[in-house]
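Take a look at the following structure, please.
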């Protein structure tokens, strides 16, 4: 039974804490959050201990592993603290917004033989997983093109966006990871376009884009397209298409039910999509935690590593540079 | 080059005449219709001769075959006239509304070695044809259940309904034919329910039902369900499902384009269906005529016979009796 | 906090016990099963008490409600015992295989103001629920025809079938309940056909059918078709179509993921369906229990009553009689 | 009645000639082709005159308009000849492979008030047309992103590819036109990636790519992605997705029939796609010709102009430059 503490009791911490509490292979020992009564509220509901200090919580003798869901700028510090104390880590993305800091952290983690998994939850979505298994089984032959559609249901608040690190590092980073996941090769070249089409004034204030396109290639010439937008009125649009020499696999979006409607002016009309990541990826968060617990329990390699987190961040940085300069950027 | 005359210049005669005129293997010699300027108008547009008298047209030496699209109560008389003069016939359904007359006609046709094809156009629809080929190829194994959905886009005028012979003989008769087509065995038992749900007052006046369900079985126990309604707001609903021991095949409805729409309140919404039989079955009418021309040219058996027309009529009569008596009727 | 005991630790008892244990509004007090170590195993895994005697468990002062998942022939006895002791009941279908016994039980339950919910789980499936809400919202206008497809993935063992009460009472009974749920009116007439197409020899031995069709009507003329088969190679086929005066709503089947495949010989190919009821209706079981807990907690009417159970059984009996006699049976 | 001559009796000339012959508003006067018996064969089948010399055919007094389906390097010469003789022109794409020649031609056409329509047939596809009408009706609000998938069913012969002008000018040029059609604004920046994934050796010999991705932006920041491949085993893949501020519209691919198959290992499996452009765009070719005839008859502006042809060629050139240099190219 793996004894786990969850650091951070916000939106994402709540998901992880509930999943830990419901896991047959793990116990939720504590929830740590320095702000307000968040830790108490969450820990109380799940019969765990509440704490203020994440680092002290990491050090507890009865904690084997931690899930880090704190603000991004604390990730590196907490990861390294856990590594130094021999605790396994499941850390939310991104590892950091600054690639230099990420690189230093990565070196320290690897030097310390740290057991760190990066929480790219989409890899564990049943449909994404089925796509990956189809690729590995050779169902599409050699992958030629990967097309990723990734649109959020609505613009996040300006306060969030201002400190998010920008759309490439905050939102598209998931898609960069999925591109690597499906391509099976490292990306060597990145081209990006950024636009301000949803809320140009706000985007100007936060110095960001709200609508982007990216295309990338690997050394062998495999190609990937990503399109991203901060707002889609019809819901959270999450599609992957993998096209190869002998076939194609893709996933469809998910709705609350499978009901279809027919009337005078339309036919076969589906419900709006599951609205956002907490619902759309509920299974993925659960399966991600299970994969973490199993990797720790069996001393197997982490299914997603800190290095994967670093690579996705690097692609985000390249995309930003390309969008700003209008040049292809070599990774 | 088969020389064809079309008898009847109404809605269905126009379809057939245009298809004859466009057929590489046939010539449209004449269009005959005793009413108004219908024959002149249609023949003129297609560079054929216009005539008033269907029988005289049948007798013309330069006519090898006739397509009968006249009112139902003239079908038997014209068919037999053509058979007596050695002309091949493609006759619209039903052969007659009275099974006794149909039986007599059938005897005469068969005694005279008449070359008569009954125009059950749906058998020639590319999707229906693909379903039949899948059955014959063994793709569903042994057929167990056939489910037929058949709903018209809107109620026909009362004048039409009053002389139509009733929903079973006028509308469901197509579905009875498709049931036989897909089951591959004769039906031995028919159970039906009739309701007045679209326009109860009109249905009472014309002594008919507007909404019916039928279920049938064959000697070996294969089953078929048909549902029929005179009005569906979302368009002309034409679905076949064939379920067997090793699989299932079914067709989907057809829309003017493949466009799908996504907005705040719905996703993946299709256009309304192709509205009615002239559009929905345009390909089927064309392919039906081609099959007729080929059968005549090659002296092959007719792909749909007068006997098929009689059998469908018999099932319609059984269904009506069942709906009126509440008993299963043995065919 | 509702204190619940689960009676019966078999396949269905396990589902209910796990759902009780995971419910925020309920506690799993005990699991009772007289056979082997089933109660101990299940109770142990869920930190509840194990018991042998269902009746003694019902009587416990710390038990407010019971979930009955024992063999069918014990249902009436346990329901009435619970009613006499003032305990609320969620009982698996059917209430009994004998309508006379069911009627006596129903009288006693109603005389004793028993709080009894019948576990027709499909009503709580998110898609079925969305269909019902669409009907109630007037989205299809007046319901005209309900079409229910209900095919199991594979034939149950002969031992199960021999004591199941027959396909109509054991399997189609769910569909009879859904017919009533969607029609919104009582059925007045039932016609059925039964065939032996999956395994004729076994069906002869157990004196049952494996493939059936039913059609029914209500007093106002609304119609319902049900098709049922004990085996469908492509998985557990569960479809509802509700067709009305202003539109149609229907649900689609559910697959493990939304992946679609394209290759040389096919396109847009989906995975096989979720295989059977425990997976397909996992959400429904959970939501059913939540509805039960809420009804008990709020003293609201039970969402599905023992009378609903009796009515479905009556339709099953009528269908059997119709299939054996070839006559429509008046309910 | 517009009197039309078709120049070129190859694959595309045959389509146009048959459509002219079947048009109520036009007559096929002649078919001209200098090679072999192509003109005789085609003209004979359609009851038109055969000719060898395209220019003499243009000059005929009984020819009002010409359809040019000759090799690409003759397009400019024949267009200008027709313009000089006051004949309307429907010319196959591309106008030329050399932008400088295209620009000179364009100047001459416009100076001569030439009535020249460029045959970008996809604009006339019923689904593409429905998408465009949806955009114009405001159904998606402001267009943000256009995603175009364009994959041929199989690699063309090396001889064809060697003189095709390269994938961007030969194949993607259709997609560049559709991008302009849907974006409703001129593209200002093009980024492209080219790979050799289908047949690297052949591509090296013909100095071309077989798999490309393009992304583009307009002055206002609207974005477009195109993916193209010379070979897709599952058929001719033609998809457009238009995503805007209030919704999304997209089209689906087309199959020979709407049949879907279900079996032990898959569900809802469709047929392979309509194989190639002659079948997939049969309606589009017919509607394109009708639009040409109507524009000529009514002296209305051409629905697609030579300038449109020039702009698409310019985007192709920019894409090639970008793919070769790895830089965004300003149009």
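Going in written order, the chains are labelled A, B, C and D, and every chain counts its residues from 1.
Operating definition for what follows: contacts are C-beta pairs under 8 Å (C-beta built on N, C-alpha and C of every residue); 3 or more make two chains touch, one makes a residue touch a chain.
Every value quoted in this text rests on a predicted model; they were computed, and no experiment measured them.
Peer 1: Can you check which chain pair, A-B or B-C, has more C-beta pairs in contact?
Peer 2: Of A-B and B-C, it is B-C that has more C-beta pairs in contact.
Peer 1: Of all chains present, which has the mean Cα position farthest from that of chain C?
Peer 2: Greatest centre separation from chain C goes to chain D.
Peer 1: Taking each chain's centre as its mean C-alpha position, how far apart are chain A and chain B in Å?
Peer 2: 57
Peer 1: Can you give the whole-Å distance between the Cα centres of chain B and chain C?
Peer 2: Here chain B and chain C have centroids separated by 41 Å.
Peer 1: Could you pull out the residues of chain C that touch at least 2 other chains?
Peer 2: 233-234, 246-248, 253, 261-264, 271
Peer 1: Could you please specify the touching residues of chain A with respect to chain C in the complex?
Peer 2: 22, 126-127, 129-131, 134, 139, 246-254, 256-264, 271
Peer 1: Spell out the residues on chain C that touch chain B in their complex, using ranges where they run on.
Peer 2: 142, 144-145, 147, 149, 151, 189, 191, 193, 195-198, 211-217, 221-223, 225, 227, 229, 231-234, 243, 245-248, 326-328
Peer 1: What residues on chain B touch chain A, complex-wise?
Peer 2: Listed in rising order, the residues are 233-235, 253, 255, 261-273.
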